[in-house]
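Heads up, there are several structures right after this.
You will see chain A twice below: alongside chain B first, and alongside chain C after that.
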Partner chain A sequence: MSKKVAIVLLVGLSIVMLLAIAELPIYGCANTPVQNYVAERYISGALSDTGALNMVASIVIDYRAYDTLIETTVLFTSIIAVFLVLKKGKD
Partner chain B sequence: MTDFVLKRMVALLLPFVQMFGLYVIFHGHLSPGGSFSGGIVTGLGLIAFSLVFGIERSEEKITERMTTLIESFGALWYGAMGLVGILRGTSFLMNKGSGISLGVPGKLYSGGLILLITLGVGLKVASTMVTLFTSLMEEED
Partner chain C sequence: MGEFLQRLLQNYPYVFAAILFGIGTFTVLTHSNLLKKVIGINIMEGSTYLFFVAAGNIRGGVAPIQDMSDPNLVYVNPLPQALMLTGIVVSVSVTALSLALIMRLYKLYGTVDSREINRIRNEVRASGSSSKG
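Let's look at the complex of A and B:
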């Protein structure tokens, strides 16, 4: 019984998701909310703002530096988790 | 593992792998790649060494305490580079606005703080890989 309910619910959910996907704009289309002034600013101003030729590096480490700072602490957290689980403390 | 061919191949390839990893880290602001990918390449070189030559030999090259220290140093280095902006009177992690010379675009020294931050994060990613690997390997015996 619960299996049938689950199947019906999943089919309904996937129909809703597929309808949402059908509404998405075409990939790379110019007139979408994603293509706003932020992307234009990155493309036109990245070299003069940061002096780095690699625009990805200038976004990751200059414009979005806070994001990368927390991203490095994610690695740190993974080390802490492994040490907590695996390392034996001194008795 | 005591396979002769495997040992000689790793000994032959490792310098180039390490050189390439450091190249990707140092040229993160000039060419595709950067701190994360370059750090992974550098760390995987060390992991290949300890896989083929044994974990004791790699412990002689770089101790686990050293990798843990580098690992912690990377995050602190990033924060210290962010404090440069505050010391110069602007906001945290400010690069151009804090009056640092950006250099000539295309040269190795360009991009202000980006090169220094990339170096720290690259070392951190490499030592994270090595530390995870060694602590998982040690648990088996």
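Let's look at the complex of A and C:
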């Protein structure tokens, strides 16, 4: 793709992104939609639910353990694919 | 217009994430070197990590590790950070697979430039059809 076409695409993309960023809730505020009851539940209940001091670790290992399990499957699949691609064969 | 710029200034981490995303997209679109394309993809992934972790931040908050000595601490949102851990693993998988494919291409064609590879392929195809005819 030529540089001019890429620059035109990027200007359009950045205009859309900046318009969206101006509509986002203000950075660093405590009462944005991101800080809803889910985060409150994790912060208040992590120690009693999982016994972990680190809330990120309690989410990764305990609350969302299936996510982490399937994530290891993703990693495993990519490693298998890497070995298949780099296998020394006839061709 | 002034209000628009003020909102952008207040949301400066998101603007930085957008700039990083633009740099990554530009790298992927314009460079013909495949390794540089992989670097561009990684820059785009880094911008999404910045965006997510910034979205979970609270001004004056501390890292989400339980501190028993002070019950009035404000913790930042731990959920985006946990999600981005998952994202990092996916990005490592994608990078590993693409680098393996590039190694294979380099062994076959002796170059990592996508335009060169296309040229060599076209030449091989043309010579193959002429030798048959």
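Rule of thumb we're sticking to: the second predicted complex is superposed on the first by the 77 of 91 C-alpha atoms of A that agree within 3 Å, B and C clash if a C-alpha of one lies under 4 Å from a C-alpha of the other, contacts with A are read in each partner's own complex, and residues count from 1 in each chain.
Heads up, the rule we're going with is that a residue touches a chain if its C-beta (ideal position, glycine included) is under 8 Å from a C-beta of that chain, and two chains touch if they have at least 3 such contacts.
Treat the numbers as computed from the prediction; the structure is a model and nothing was measured.
Chemist: Mind checking the superposed model to see whether chain B and chain C fit together on chain A or clash?
Modeler: Overlaying the two complexes on chain A (C-alpha atoms) leaves chain C and chain B fitting together cleanly.
Chemist: I'd like to know which partner A:Thr73 touches here: chain B for first, chain C for second, both or neither.
Modeler: first
Chemist: In the three-chain superposition, say which chain, chain B or chain C, touches more residues of chain A.
Modeler: C
Chemist: Once the shared chain is lined up, is A:Asp62 touching chain B (first), chain C (second), both, or neither of them?
Modeler: Touch partner of A:Asp62: chain B, not chain C.
Chemist: For A:Tyr27, decide between first (touching chain B), second (touching chain C), both and neither.
Modeler: Only chain C is touched by A:Tyr27; chain B is not.
Chemist: Which partner does A:Leu47 reach: the first (chain B), the second (chain C), both, or neither?
Modeler: Both partners, chain B and chain C.
Chemist: For the superposed model, what is the least distance in angstrom between any CA atom of chain B and any CA atom of chain C?
Modeler: Distance of closest C-alpha approach: 8 Å.
Chemist: Show me the chain A residues, by the header's touch rule, that chain B contacts in one structure and chain C contacts in the other.
Modeler: Correct list for chain A: 47, 53-54, 56, 60, 68, 75, 78-79, 82, 86.
Chemist: For chain A, which residues count as touching chain B in their complex?
Modeler: Where chain A meets chain B, its residues are 47, 49-54, 56-58, 60-62, 65-66, 68-69, 72-73, 75-76, 78-79, 82-83, 86-87.
Chemist: Contact residues on chain A for chain C in the complex?
Modeler: Residues 1, 3, 6-7, 9-10, 13-14, 17-18, 21-24, 26-30, 34-35, 38-39, 42-43, 46-47, 53-56, 59-60, 64, 67-68, 71, 74-75, 77-79, 81-82, 85-86 of chain A touch chain C in their complex.
Chemist: Would you pull the chain C residues touching chain A in the complex into a rising list?
Modeler: 4, 7-8, 10-15, 18, 21-22, 25-26, 29-30, 54-59, 61, 64-66, 74-75, 77-82, 85-86, 89-90, 92-94, 96-97, 100-101, 103-104
Chemist: Tell me, which parts of chain B touch chain A in their complex?
Modeler: 28-32, 34-35, 68, 71-72, 74-75, 78-79, 82, 93, 95-96, 102-103, 105-106, 110-114, 117-118, 121, 124-125, 128, 131-132, 135-136, 138-139
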